[in-house]
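Below, chain A partners chain B and then partners chain C, in two separate complexes.
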Partner chain A sequence: MSRRAIAYLMLLAAGLAAPFFIYPVLVMKVLCFALFACAFNLLLGYTGLLSFGHAAFFGAAAYVAGHAIKVWGLPTELGLLAGTIAAGALGWAVGSLAIRRTGIYFAMVTLALAQMIYFFFLEASFTGGEDGLQGVPRGALLGFIDLSNDLNLYYFVLAIFVFAFWLIYRTIHSPFGQILKAIRENEPRAISLGYDVAKYKLLAFVLSAALAGLAGATKMLVFKFATLTDAHWHLSGEVVLMTILGGMGTVFGPLVGSSVIVVLQNELADKVGSLVTVIMGSIFVICVLLFRRGIVGEIIAFYKRMLGQKA
Partner chain B sequence: MKRKLLNIAIAAALIPAAGNVMAQAKAVKLSDNMVKIGVLTDMSGVYSDLGGQGSVTAAQMAVEDYIAQAKPKFKIEVVYADHQNKADVGSNKVREWYDTQGVDMVTDVLNSGVAIAVAKVTQEKNRIMINTGAASTRLTNEDCTPNTVHYVYDTYALANGPGKAVTKAGGDTWFFLTADYAFGASLEKDTSDAVKANGGKVLGSVRHPLNASDFSSFLLQAQASKAKVVGLANAGGDTVNSIKAANEFGLTKSQRLVGLLTTIVDIHALGLPTTQGMMFTEGFYWNLNDETRAWSRKFFTKHKKMPSMLHAGTYSAVTTYLKAVQAAGTDDAATVMKKMRDTPVSDFFAKNGKLREDGRMVHDMYLVEVKKPAESKEPWDYYHIKAVIPGNDAYQPMALSRCPLVKK
Partner chain C sequence: MTEIFGIPIQALMGQLMLGLVSGSFYAMLSLGLAVIFGMLNIINFAHGALYMMGAFLAWMGLEYLGIGYWPSLALAPLAVGVFGVVIERSMLQWLYKLDHLYGLLLTFGLALVIEGLFTNMYGVSGQPYTIPEELSGAFNLGFMFLPKYRAWVIVASLAVCFLTWFVIEKTRLGAYLRAATENPKLTQAFGINVPLMVMLTYGFGAALAGFAGVLAAPAIQVSSLMGSNLIIVVFAVVVIGGMGSILGSILTGLGLGVIEGLTKVFYPEASSTVVFIIMAIVLMIRPAGLFGKEK
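And now, the complex of A and B:
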């Protein structure tokens, strides 16, 4: 077994054991945001597209899944699927408009479209406006595993996360992923090599949006509600922060970054009072100034330096 | 030798304490020998002046005062958290409080989205939420639970009060400036209904986007309507901006502004020159009588600001809850809720307040008019009380309730 495989197995074991040591609902929340950040990283870290509207997909899937389960009475699995597909479809619509531009213009187009989606949710009657879509039943998995039990739900969420993480990992290490990286490094060169760059970008965007949607729908299931916070541009900013803090373009960066942010948000909530936002801001500033590669990025760089010295 | 003496002294001191513990086990049966109260509020965002640290201070004051007066034999602790206006942070924190820290009651919980989420968790875990912060009537209608108390105010009371009283006092033609989403629309509808029921006329309304920065065209329409009263069916920054703009356009010289969700925090921020003459409903005013002044001055020494209705309400809610626990002899949610329903609230905050079946705590509301700068005698002296609206008139009648718990 390679060293890498052992590392993954150890992580999986930690994931399986976590709810016995840490409050499971918090770990589930970390997993949902980690998935969200991983999906975002696929776009920012590997394709070089900075989308500033990813919360729209996260929120849209949460609302669609919530509505499907609560009002249409769909089973939980199909509800999550409906949310994911809705986010993917929305991603296709937003993506096909946005990828016509690059850089800051791309970010602005995604932000503008995401704001439109946000205001749609604010006005639409099925979302409950600022009161939110509340009281969505968690239901039962396959009809017999009761998900209202936090521990059952935890393993379901963990399974979703592992599946999505594997999917992202496979994507990054596939020929498709290689082309995405080529686009990130030098787009004109990728075009000159005969790749239909726009198509690849769009596909990456849709995939990222759908996975962000899966994260949003799963989070909705954990908390049993979807609110406007899920679609607000603050969240689009937060996911950028998580990815950069953890290390963009690394496999584990988003996982680490989102854990740090979510746990801090939760733990600081009842300890420092009004200083939460100041502390979060300082962390971001320190991260950008001192370790630009992010936590995982710096560790990898350090590890490589050590190897280099030995050789 | 000295140490030995000290040990003896400590042991001697502990004996009566141990006796106390035994006595307490008989008197009040608690799940974990402690009553724990959680204050969940916005400490860093837009509502932090309205609730925030002030609510925590009020809850702590309530506990200290209760311990000093009633000398209960159980321990009471206050914990607090900043939900950052995120429903998931709030709901997660409360869930954790219930599951791992044995919190019995949460209070404040402003922000309607957070409040409804917390109401669901509270019902699931069978604890109590005494909400003193959120405005939505959904808490006592569609989303009512046997574990929710809505204590201080709601949008119905804020809209209905001025709609009725201002119309009766001669302000019988209205124009609305409404924030364009569900919340604004419901404020406008509740007020319009009250205006029409009292013989007034609604001349029109204009919708403005949420968080609008430029109100000039909306205000010109309001001015052109020649309505005597302009109702502001919006909240927070939108209210503040529309009041400022109304002043700049000279609208306040010929028409009266009525806020439908305005509090002393907004008036303090904007100042009397800008807000003079405005009317709106409040659930509490510090300068009402000797009792409110005495409490509020005490609060002021700790918080350096006069209390909002949320702060006073949180103090009153915590006290009411502790009394009910003492009287019921348990912290079991259903028993304590029943005790609170059976016992009218009577303190500086509410006289003869009554907790209804749907969770609404019904108490008198106050229609206030903002003083002219010359009339204000001291800092924070802001209001003329124009009318006291009896609780039964102020709040949504039970007959209209959409709460499934209400038997009809």
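And now, the complex of A and C:
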């Protein structure tokens, strides 16, 4: 067995054992945000597109899944699926507009469109406005596994995460992923090689939005509610921070980054109150100025230097 | 009473004026963004936070030091400008050789820090700032009442915008600035201190945002969130107008303010989203923006 496979198996074992040592809801929250950040990384890290509106997909899926489960009475799995599909569709709409511009304009367009979606949620009746959509039942998986039990839900969430992580890993390492990287590195050259760059960008955007939606829907299921916070631009910024802190363009970076941020927020929330934003902002500034490779990126770079010296 | 499309003319004109007022703010802020972008190639996400800072400094000046509106109108932008210079020297200058996105991310972090600090000190609820005596009351124009302060905001911001345009397009300093935007290395080779100009440009952009903040203080309540709510709309304005021309930024800002005001009269539900909808339409028809050049 390769060293890489052993590392993955150890991580999986840690994931399976985690709820016996740490409060399961916290681990589930980490997993949801890790999935969100991984989905985001697919776009920023591997396609080179900075979307500043990813919370819109996260929030939209949370609302749609919550509405489908609570009001339409759909089974939990179908509710999550509905949320994911809705986020993907929204991603297609936003993406096809946003890819008309590049670079910072792309970031501004996605931010603005996400703000529009936010205002829509604020005023639409099915979202419950400022109160949010509350009291969504978790239901039962396949009709007989009771998800109101935190431990049952935990393994369901872990399964979702592992599936999505595998999907992202496969995408990155597929020929499609290679083309995305080519676009990131040199877009004119990718065009001159005959690739329909716009189509690839849009596909990456839709995939990223749908998976961000899956994360949002799952998070809604864990906490049994969806609120405007899930769609606010603050969250769009947070997912950027998680990805950069962990290391954009690395497979594990988003996982590390989101764990750090979620645990930090969890620890700090009742101690420093609104200063959390200041701390998040400071981490942002420090990352951009000093650790642009992120935690995982720096470790990889360090490892490579060590190997280089030995050889 | 006279009516246009079933709307009393007084209400219509009133909203039109409000639209022009918010358009003035869009114009000043998008102008600052465009000037900074031209020189630094950075989209200044902290612009909204600097605007909020300007308003708060004016409010704090009055509250703690008894500094009135008129001195604040000069002092607060100056302070924000100095703050901008400090940011540029200590942080932004290290990012010029990197991808433009890093500038956006850094200023986003800064915006969070500034906003978080003010939220921590003053909460999120608004602090009232009274309109100075000279500008309270209203003009009676016969067909409508025009609050003096609103008229002043429009006049003052147009004056500042015009002055900026004049300095950049018509003076020697502006010529240096445009040369440095076009080709910094060559300009430096002619003996012009480009890094100094870059620093001053950011300081000026920040001061402009601070000035807009002081102007806004009596018109709306001073709150720590006033900037971030505005900056996203201003981003949409910038995408619609494109950052190629100064006059373009000013016109787009004013025009969108008016459209927003009119939407409040005819279809209030869409008033918070109309700018974004226009942005989507512009992206479909003319992706480079109304006054933009495709690079």
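Everything that follows uses one rule, which is that the second predicted complex is superposed on the first by the 307 of 311 C-alpha atoms of A that agree within 3 Å, B and C clash if a C-alpha of one lies under 4 Å from a C-alpha of the other, contacts with A are read in each partner's own complex, and residues count from 1 in each chain.
One rule holds for everything that comes next: a residue touches a chain if its C-beta (ideal position, glycine included) is under 8 Å from a C-beta of that chain, and two chains touch if they have at least 3 such contacts.
Small disclaimer: the values here were computed from a predicted structure and weren't measured.
Trainee: Considering only the touch criterion stated at the top, classify A:Thr277 as touching first (chain B), second (chain C), both, or neither.
Mentor: In the superposition, A:Thr277 touches chain B and chain C alike.
Trainee: Which partner chains sit in contact with A:Leu202 here, chain B, chain C, both or neither? Use first/second/both/neither.
Mentor: neither
Trainee: On the A-aligned overlay, A:Tyr23 touches which partner chain: chain B = first, chain C = second, or both, or neither?
Mentor: first
Trainee: Identify the partner contact of A:Thr229: answer first if only chain B is touched, second if only chain C is, both if each is, neither if none is.
Mentor: first
Trainee: Per the contact definition in the header, classify A:Leu289: touching chain B only (first), chain C only (second), both, or neither.
Mentor: Second partner only, chain C.
Trainee: Contact-wise, after the overlay, does A:Glu123 reach chain B, chain C, both or neither (first, second, both, neither)?
Mentor: A:Glu123: touches chain B and chain C.
Trainee: Would you sort A:Ile300 into first (chain B), second (chain C), both or neither based on which partner it touches?
Mentor: neither
Trainee: Kindly classify A:Leu264 by the partners it touches after superposition: chain B alone (first), chain C alone (second), both, or neither?
Mentor: Once the two structures are laid over each other on A, A:Leu264 reaches no partner at all.
Trainee: What is the contact status of A:Leu74 with respect to chain B (first) and chain C (second): first, second, both, or neither?
Mentor: neither
Trainee: Taking the contacts chain A makes with chain B in one complex and with chain C in the other, which residues are shared?
Mentor: In chain A, positions 119, 123, 273-277 sit in both the chain B and chain C interfaces.
Trainee: Which of the residues in chain C end up touching chain A in this complex?
Mentor: Those residues of chain C that touch chain A are 43, 91, 94-95, 98, 100-102, 104-106, 108-117, 119-120, 228, 232-233, 235-236, 238-239, 269, 272-273, 275-277, 279-280, 283-284, 287.
Trainee: In their shared complex, at which residues does chain A touch chain B?
Mentor: Contacts found on chain A: 23, 25-26, 29, 119, 122-123, 125, 128-132, 134-135, 219, 223-225, 227-230, 265-266, 268-270, 273-277.
Trainee: Where on chain B is chain A touching in the complex?
Mentor: Contacts found on chain B: 43-44, 48, 52-53, 56, 79-89, 91-93, 95-96, 99-100, 112-113, 116-117, 120, 136, 138, 143, 180-183, 209-210.
Trainee: Sort out for me which residues of chain A touch chain C in the complex.
Mentor: Listed in rising order, the residues of chain A that touch chain C are 50, 97-98, 100-101, 103-105, 107-109, 111-113, 115-116, 119-120, 123, 233, 237, 240-241, 244, 273-285, 287-289, 292.
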